[in-house]
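When the chains are written out, they are named A, B, C, D, E and F in that same order, and each has its own residue count from 1.
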Amino acid sequence: MFVYQKKLEYPVRISNPNPALAKIIISQYGGPDGELGASLRYLSQRYSMPYPEIKGLLTDIGTEELGHLEMVGTLVHQLTRNMKDDDVKKAGLETYFVDHTAGVFPQFASGYPWSAATMQVTGDVLADLNEDLAAEQKARVTYDNILRLSDDPDVNNVIRFLREREIVHYQRFGEALRLATDRLDQKNIYAINPAFDK
Amino acid sequence: MFVYQKKLEYPVRISNPNPALAKIIISQYGGPDGELGASLRYLSQRYSMPYPEIKGLLTDIGTEELGHLEMVGTLVHQLTRNMKDDDVKKAGLETYFVDHTAGVFPQFASGYPWSAATMQVTGDVLADLNEDLAAEQKARVTYDNILRLSDDPDVNNVIRFLREREIVHYQRFGEALRLATDRLDQKNIYAINPAFDK
Amino acid sequence: MFVYQKKLEYPVRISNPNPALAKIIISQYGGPDGELGASLRYLSQRYSMPYPEIKGLLTDIGTEELGHLEMVGTLVHQLTRNMKDDDVKKAGLETYFVDHTAGVFPQFASGYPWSAATMQVTGDVLADLNEDLAAEQKARVTYDNILRLSDDPDVNNVIRFLREREIVHYQRFGEALRLATDRLDQKNIYAINPAFDK
Amino acid sequence: MFVYQKKLEYPVRISNPNPALAKIIISQYGGPDGELGASLRYLSQRYSMPYPEIKGLLTDIGTEELGHLEMVGTLVHQLTRNMKDDDVKKAGLETYFVDHTAGVFPQFASGYPWSAATMQVTGDVLADLNEDLAAEQKARVTYDNILRLSDDPDVNNVIRFLREREIVHYQRFGEALRLATDRLDQKNIYAINPAFDK
Amino acid sequence: MFVYQKKLEYPVRISNPNPALAKIIISQYGGPDGELGASLRYLSQRYSMPYPEIKGLLTDIGTEELGHLEMVGTLVHQLTRNMKDDDVKKAGLETYFVDHTAGVFPQFASGYPWSAATMQVTGDVLADLNEDLAAEQKARVTYDNILRLSDDPDVNNVIRFLREREIVHYQRFGEALRLATDRLDQKNIYAINPAFDK
Amino acid sequence: MFVYQKKLEYPVRISNPNPALAKIIISQYGGPDGELGASLRYLSQRYSMPYPEIKGLLTDIGTEELGHLEMVGTLVHQLTRNMKDDDVKKAGLETYFVDHTAGVFPQFASGYPWSAATMQVTGDVLADLNEDLAAEQKARVTYDNILRLSDDPDVNNVIRFLREREIVHYQRFGEALRLATDRLDQKNIYAINPAFDK
């Protein structure tokens, strides 16, 4: 089970609302490579993971990503706070606004509601860990792209923190993949389905 | 942020694997009215909720639902543990198995990957709370239906616990709706968009 | 069965085309909380509704919403009539135009084609009526938001009429919920599945 | 606007419940080529149709398909009426039942909620009418396939009626296409966008 | 099987990058009526097509459309080459850029990832060929609309070539439909399911 | 452009129709980790790939996967050939049959039409190659699972061939990732967006 602590993993304090920026940052809330997908991917994969230390890693990173999801939601909220009608129009946020006002909805930047089709849980150690490595790289690119489009230091500090964490997670999943590969029986390589085979 | 505690809110100990039952219980993991949608709905709505006590309620229930998601994932995992090929066929689980083996994937019972289109965040107090009341009722129906199709006491004890919690949440959201309605300015009734108007 | 009458429930006569406004109003045609979803939700729920007067209410409101869908389609059509290429660009309507020219397509403002995942039919009296109450509130918010972004009186008169109807429907569904709750057997409360149990 | 008449276009009286049959007939309610898509396609295309008689045809057929949708919903309802838990299991209806009990939900037979991505409105006379011809043929195939899997005369009489209507609609749309082609200016052939060009 | 030839069916050489134009042309890559859907539709339908010459036609056109997909991808790539951050913003391409940088992703212009729900394979000669006729008309409209919004001759030459090919394909599918209709047994008309009936 | 050669990369000759097996093999046609997604992913990523040899690799493997898609389509077709109505029911193929008869449609085994949301094109060398490594592993698991559920040697020979190719592709993409990493400037590591930066 999860316990909520009323603080963010890293503080978010935006001085200047900027709905146009919120419009792209929402992709890290509910986009194809955002924090919702990351968290749910790892927290779902752990049930069928046979190695306790990798199961623990999935739980740890999955739980941390829940906290990142909260940070991104906070960014979107602070960037859209106290909008006036004209701000909505200037920012090109009308299509979001008509359905969600200034609420934080898990969607791609384009408006596509988040779908679990963007992630996988295969019940296979090697496939799941490769999926996780790819997820961390794709999240890193998304943060890269936000940094290219934003010049607000209040936002960029937070994005840089989150981006760094993805790189660390990529390294941790790389270690887990090596650990898992070492443990696999020669005959079993590329064929293991641990939850099913044991 | 969230802290993981290595225990379930209510214990899950299934003696008899039953993949056919897992096939319908997965709907409470990633179905249209399952725990993923519940949790994400409440944790997303809280950013634009203007009343601190209702914001706190959304956070509390959203966090509890994360724990329920974990319980449902554990149910699915224990019911599909140690399956043999023939078990898959007997349970009619082939279409799930080919893509996810015995991994726990957030999908409708029919196989539709969970979509955020099943939930809403409107940035409006009254609309969001009505959405939440409906969500709790629909989750309750899903648990009703699982109870009708299952006669495994190990499963049903867990389902009854979860079902009871939905009824409590329904009551809590009902109280919140009354509280919110009382606070609304007469002129503003049915028109409030707190995150936008203040 | 349905009979078409060649008049709108409320007249729509737009003097000034305004494709930028059509871009957000389309959400009431095929958006997450628009008239298509409303109509189909009620007309689908009525089959399993056990109480004749609530079944009649679902049919009446569902049929009226079909007429509202027609009014919204007429709004979108009149606002995009006689567009020139430059009008498309000025209005930021290019992505809609490339696929639908000036046709009226049931989609979210963002371009997501309408999906039945946005609605539910549970076969349960209490869950369905709570779903309906939420639907009316969410539609009301969408109309609120259109009013905030539009200053065309020809449009706003129509939107205000439609918004008023949603509030009336909310009240009617509230009465239906009380009526249904009163009829439920004490033991059965929160557990009824009328189509299945009778 | 639409007026509801409390009778079906063709009577539906099923003597023997048969949930397994309902499971495939639901595809004519909310499947890729079912009555919902047909009705909404025609009723949406009429706004941009420049020729009054074809506009009228789209309205007429679209309205009739609303009545067919009601007939199919009635079929599904009567086939699933008074189910017992065991009936659900014998019919293989568990995945539908867990989410919708015996409610009538607009989905593919596979469980995919109906999506407007299955239809088009292009704002172009020739493209829309070709789309409609294809829709009628695909609906006809769906009815063919239901007839192949069903041997219940109560059901098959209704299906045969509906199938006949699709063939008539195909002929009507074929005539409309010839009429539209005749009217097109030579220079304009294959390039018309009437709502936009006039 | 397929062999790749390192040349385009028709050359694409764009002198002036124009990301705003790429934003709408992407719809011919992965939009509702684009080349991906065309190609996959025909290459999928051929398995159940009983007449060898129509099967060959589906293979030929399906293979050509793969080449058109490549041409459209090349267009999008050349139009977005060497973008600077400011170009992204000026073109209104931020929501695409955040998730795909300048990569070519199969999506609607609105951002909806391509879905096979936009196409059909019915296993029926008449339905499949009507579907194909509609597909060609809808693709033609999409090209019409691109031509209306673009005044770059480098782009328009390519679009005109592709548009011409759709018109030729429409004629070829029309001939195939006549051929198929002629061959159908009188009794069998509108009822054939060749893969199933033979 | 692509040239079609009228032979399969590896022969498919199924002696015994087996629609129940087709029902799961379809996932390699249009499932989350099937050949359609593989092919389209690689053929789409190549536009923004800056290194010619990796661009060539993406083209080669993408083209080969098109041939695999054809082999899987042929498998599904031969397994469902000459079905009788009773075969459809015995195989539990009714929900597929009602919409597609014996046509080959790109869908998940569960019936979800293939969606491009299952793949990514990020315009980033490292992210795209990690995505590709994951794709190959997930495809390998799908083939593993088919082998567990099938005991038809005619099918399994083909599946084993396809599975072997995925393992080879995984190795090739691993080499490409090392090659790309070596070329990256130290400062640029994890931050490259080649199509954008050059």
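Quick note on the criterion: a contact is a pair of C-beta atoms (placed from the backbone, for glycine too) under 8 Å apart; a residue touches a chain by one contact, two chains touch by 3 or more.
Quick caveat, the model's predicted, so the values are computed rather than measured.
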item	value
Most distant chain from subunit B, judged by the mean position of its C-alpha atoms	E
More contacts between chains, D-E or B-D	D-E
Distance between the centres, which are taken as Cα means, of subunit C and subunit B, whole angstrom	26
Whole-Å gap separating subunit A and subunit C, where each centre is the average of the chain's CA atoms	33
Subunit A-subunit D separation of Cα centroids, rounded to whole Å	40
Cα-centroid distance, subunit C relative to subunit D, in whole angstrom	20
Residues within subunit C bordering two or more other chains	32-33, 92, 99, 101, 107, 110-113, 115, 117, 120, 122-124, 141, 145, 148, 193, 196
Topology of the chain contact graph, where touching chains are joined (line, ring, star, complete, other)	other
All pairs of touching chains, each written as two labels joined by a dash	A-B, A-C, A-E, A-F, B-C, B-D, B-F, C-D, C-E, D-E, D-F, E-F
For the subunit E and subunit F complex, residues of the former touching the latter	1-5, 7-9, 30, 36, 40, 43-45, 47-48, 59-60, 63, 66-67, 69-70, 73-74, 76-77, 80-83, 99-107, 113-117, 120-124, 128, 193, 195-196, 198
Residues of subunit B that touch subunit F when the two form their complex	85, 88-89, 92, 94-99, 101, 107, 110-113
Subunit D partner contacts - residues on subunit E that touch it in the complex	32-33, 112, 115, 117-118, 120, 122-124, 126-127, 130-131, 133-134, 137-138, 140-141, 144-145, 148, 167, 190-191, 193, 196
Subunit F residues within the subunit B interface of the complex	20, 23-24, 27, 31-33, 92, 108-112, 141-142, 145-146, 148-149
